[in-house]
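For clarity, chains are labelled A, B, C and D in written order, and residue numbers in each chain start from 1.
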Amino acid sequence: MSSASIILRRRFLSGGLALTAVVALSACGAKTDAAGSSDEAAQADVSGDTVKVGLLNSLSGTMAISEVTVRDSLKLAIDEINASGGVLGKKIQPISEDGASDWPTFAEKAQKLIKEDRVAATFGCWTSASRKAVKPVFEKNKSLLFYPVQYEGLEQSPYIFYTGATTNQQIVPALDYLKSKGLKKLYLVGSDYVFPRTANKIIQAYAKANGMTILGEDYAPLGSTEFSTIANKVKAAKADAVFNTLNGDSNVAFFKEYKSAGLTAKSLPVVSVSIAEEEVKSIGSQYLAGQLTAWNYYQTTAGAANEKFVKAYKAKYGEDKPTSDPMEAAYTSVYLWKAMVEKAKSFDPEKVKAASDGITFDAPEGEVTVDGATQHLYKTARIGEIGTDGLIKEVWDSGKPIEPDPYLKGYSWASDLS
Amino acid sequence: MSGLEIRRLRVSFDGFTAVDGVDLDVRPGDLRFLIGPNGAGKTTLVDAVTGLVKAEGSVRFDGEELLGRSVHRIARSGIGRTFQTATVFEELTVLQNLDIAAGAGRSMWTMLRRRKDVPESVVRALETIGLTDLADSPAGTLAHGQKQWLEIGMLLVQDVRLLLLDEPVAGMSHDEREATGALLRRISEERTVVVIEHDMDFMRSFARSVSVLHAGRLLSEGTVAEVQADPKVQEVYLGHAAATEDATVVQEA
Amino acid sequence: MNPLKGSLRPVAGFAGAAVLLFAVAPLALTDFRLGLLAKYLCTAMVAVGICLAWGRGGLLTLGQGVFFGLGGYAMAMHLKIADAGPGNLPDFMQLYGTATELPWWWRPFANPAFALAATVLLPMAVAALLGLFVFRRRVKGAYFAILSQALAAAFAIWLIGQQATTGGTNGLTDIQGFFGYDLDDPVNQRTVYFIIAAALLALIALARQLIHSRYGELLVAVRDSEERVRFLGYDPANVKLVAYVVAAGMAGLAGALFVPAVGIISPAMIGIVPSIEFVIGAAVGGRASLVGAVLGAIGVVWAKTALSEEFPAAWTYFQGLLFIVALAFLPGGLASLAGMLRRRRARQRKATVVAVGEAA
Amino acid sequence: MTVILGQTFTGISIGAVLLLIALGLSLTFGQMNVINMAHGEFIMAGAYTTYVLQKSISDAGMSLLVALPVAFLVSGALGALLEWLLIRRLYLRPLDTLLVTWGVSLMLQQLARDIFGAPNVQTRAPDWLTGNVTLIGGADPLTVANSRLFILGLAVAAVVALASTLRLTPLGRRIRAVVQNRDLAEVSGISTARVDRTAFFVGSGLAGIAGVALTLVGPIGPTMGTNVIIDAFLVIVVGGIGQLKGTVIVAFVLGVLQSVLEYSTTVSVAKVLVLVAIVAFLQWRPQGLYTLRTRSLV
């Protein structure tokens, strides 16, 4: 990052602040044993016959709803790998930490995993805010994070692998789909945080270039559950479709209000990018049947790999537990790491990174390939329709995996975005 | 004219008039007792004078209008009161209670420093109210009568010119009453004192003048003897101890 | 009572705390754990203010997150500008914003002196303004507590809504330098810890002075009987205002120092829940006792880290239980237990003296 | 014109939800001066009751109607239990009650998570509640959702029931006596402890009913209570302690204000503006819209 270079690598000691003279003395005294080693990147501890990896998810707080499922599928993948011999002959020992839906806590726990537990890699984070909070921690300590959730793009940290979709693998295909169906007047509804605001900026730019019009753009605070006014606004705008980037609880209230306002999937379809099988279950297909979603994976996605994944997941966690896109991306991320490590023949993050380009995996969502340059995946975009049974049925896919383009450099209309 | 001067005082709550056009004059050096049956408006009158409740009319003390001022400004202009139930700062010591009462005019600088020595007025007040030995005990541990004395002591160090005392001897033993009465008499030589009291014996022993309130109005005013001779007062206090007997007691005193 | 002992005890206490914080902790703890301790000490700084405002003044400040956040954002804004370098926008503004230059209300924070002063003065000014409105109109007790909570919620919502200029839910992250010193360097991290420890001791000394001053006595008087104080010629609104504003300043300083220690400030530190969490430590340790409040705050956040590492769900139960036990059954907090023990010992000693006296 | 009317109706329906949530508080906070932060979790208990009942009663409409009294009993029992275990020890310390009940609310949330799982659960609304009624036809029809009308009706019924209970029944007279003068009530032979518990039972039971109503419009999950509790307390604070009419008026006024502001600005801005309006209002009337006047010192 350019900003880092501006700072002189000065130390308080050489700065010679009179105020801290006494303090500095004891800092010197204490420094000798610890500082020497912590100056360098924390070394992963791979000396034993196990290798530790960190699982960093919110197990408490508002985000626990979603993140626990990710943790569960990470554990599933680890169990499977351990059962088949582990990685480089070592069993994986997962260390689970609770980010508690609080971003500074995420940063703290990331540090703990890297410095105290000396994990070889960390898997987790859900919200962009938690990822932004831990990003400097992983970069400074030169340790790897595998981030399994679709996100707003415009980021490329050298120490993060993004196994969820970036915008050109989810939002742009969804817009292409709407355009192909002749739905050109859109209304944007989102939760007030980074992903929806950035997504909507991209949608605005796309619309401008593709002859679509945006009739309105509304944000509700995270956790907001009163949507009657927004439903009124949507109804009055007379749009062709709604693009929904709401998160969590808000979706429940929004769709209940949507139906109450007399709006249906037929009269005014909603495309959602944060509603997966788990959310469908909590909102109810009564309110959602017929609405559209955009993801890279559904529980119903065809293929032997997915059948195996769904079966294993349900066997481990319960027949009524659905699988969803972020869970699948998390599951996949562990296998990708294993493949990278085996290719590099080392747990060293730099070697793992160097080995990453071109790694493929037959994931439940279909084949994915790591793009070494961006550290994102080639993924297939899929549009699904929510059925009355609560499952999502695929109605369109991109045919082949789309090359990740986190900064949308390949799209001329997006040149102003970053 | 100086002292307390009340004109056409009216206080009403939600349509109920608690004080209804009272005129009252109390001069410095007086020891005025305010009596009347329950609900006569005695406490409300004191509340109005000290700014606790809104009132119409006029209340002047040493020529200054008090109505409309906030409670603490009225207190600063030299008017202090006690309450029916003794209200002292239970978690603070006797000394701290008095010190706070003595210090409304202190500068910010003084306030932010520790109390190094005990102010002269506090030492005197401690002696006056006889609590010198208990100066470092928390006020919450005092006996009921001692708390009431502490309240009076707080008024003394506050150096108020008008003291409004609400039933100061309620719950005190006979000796304590006598001591309190003597104390009030001494205080009233330099200050104006108004006492609300139900205890007729106490009133007869120590009052210099008496005002009788009834149903929010002033019923009668004068010396103890004059008031007790007033047929209107006898009517209000019907069933109370015979007026004639009381009158003789007063004459003896 | 032995007057010499009375004056020496706090000095000995401070010296002991200083040795612990400046010598023992840095030697005994790894860099990571020392960093955590720095974070805990920031919470303790907030608790010092809460002890003053709530323990002594009876003002249940359920909005300390707001002042913590104001201090933290003031500091982080300066550090972000400094990180970006002259003429550049902070990274998140380039990413999410449309503006090509700093918003007007960011610009003064480019000046380090202004930013440093603002970390304390800004929260104090906001507290003064709010307190003036609220205390003058005698909004108190429960009303005040609920208003504080609503304020915390509203401030968090507002911050989140201004993504282009405040970083939204992300907050201000990835802070690299602290007045020219690289925060990546463990020695500098250590120095940040020392600054925090020194600030905490200074705040404790300041609060101690206030508590033992005449003002401190008056504050307790206002807490126990506001109306009575008014009849003594004081305006209780001003008395409360001072405690509230000082507590806000302390929270602001804590927020400001939290930023270099943790490298992030976000709305997650501001809303209703974090604001209540600031109070719990003081409540558990003993709201009216400085030592109790500080140790309580450190203990509770430590327990949170320790317990949530092992059993995340159990932490929630434990936290709830802490609140219930501490407040319903031990309103003086753990500090009152120490007091009870001391009193019992004193009673025993007295009994011995009496017995000895009788024997003689 | 349709917009203004529409937003007014929306505001009224928001107000009805707010009223239903705050109504129980007007008894426990407003009358008894107890700040019960776990009130939100009693709402949650009501919502989960609906969910559980729907598993055994498959007809959505029937289960909803059965849920109303059952949720009242479930949440009421929880409330009475809380009162007996903790709150009765704390009547003289309202601020400590706030923090203690916040601890209770944390534990209840975690309990719900352990029993029902962290994700939200779904209930089905009966068909007769998912449609809407057209008030004004035409190109821009003004419609009101059936669910919202149902909640409005429920809120009105609950207010009438509570008001007449307080006014007409012996229980109500006892509650009012205890509110006005606890000591006097005690010496007049009223068992204040029993009145307290009964009042808490009723107030918490009303939260259960609010929970049933919320299943129609919002999510059903462990944190659903915390989302609404502060708004509900604000309604009581602005309405004035001890006055049912204040609660009713303020709930609707805040509802309309919120919806109008939301329409003309954004949800976030509206929320902040409403709070500013509340602070400003308290400058004018620090004790709320209606107050009980007493002559006590504190």
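Here is the rule we go by: a contact is a pair of C-beta atoms (placed from the backbone, for glycine too) under 8 Å apart; a residue touches a chain by one contact, two chains touch by 3 or more.
On a predicted model such as this, the values are computed, not experimentally measured, just so you know.
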Provide the labels of all chains in contact with chain A and in contact with chain C. D
Per contact tally, chains sharing the most pairs are A-C
Which chain wins if you rank chains by how close their C-alpha centre is to the centre of all protein C-alpha atoms? C
If you average the CA atoms of chain A and of chain D, how many Å lie between those two points? 37
Cα centroid separation between chain A and chain B, in whole Å? 73
If you average the Cα atoms of chain C and of chain D to get two centres, how far apart are those centres in Å? 33
Rounded Å distance between chain B and chain D, as computed from the means of their C-alpha atoms: 47
Which chain D residues touch at least two other chains? 113, 266, 268, 271, 297
Please output the residue numbers of chain B that touch at least 2 other chains, ranges allowed. 83, 87
Send over the residues of chain A in touch with two or more other chains. 192, 219, 221
As the complex stands, chain D meets chain C at residues 29, 33, 35, 86, 89-90, 93-96, 98-100, 102-107, 109-110, 113-114, 226, 230, 233-234, 237, 266, 268-269, 271-272, 275-276, 278-279, 282-283, 286, 297-298
In their shared complex, at which residues does chain A touch chain D? 62, 64-65, 68, 192, 218-221, 223-226, 228-230, 232-233, 236, 249, 252-253, 256-257, 259-262, 278, 281-284, 286
Residue numbers of chain B touching chain C in their complex, please. 50, 52, 70-72, 75-76, 80-81, 83, 87-92, 96-97, 99-101, 103-106, 110-115, 154, 158
Enumerate the contact residues on chain A facing chain C in the complex. 1-4, 6-13, 15, 20, 22-24, 26-27, 29-31, 34-35, 38-39, 59-60, 97-98, 100-104, 107-108, 111-112, 115-116, 127-129, 132-133, 135-137, 140, 154, 192-194, 197-198, 219, 221-222, 418
What part of chain C is in contact with chain D in the complex they form? 58, 60, 133-134, 137-139, 141-143, 145-147, 149-151, 153-154, 157-158, 160-161, 225, 227, 272, 276, 279-280, 283, 313, 316-317, 319-324, 327-328, 331
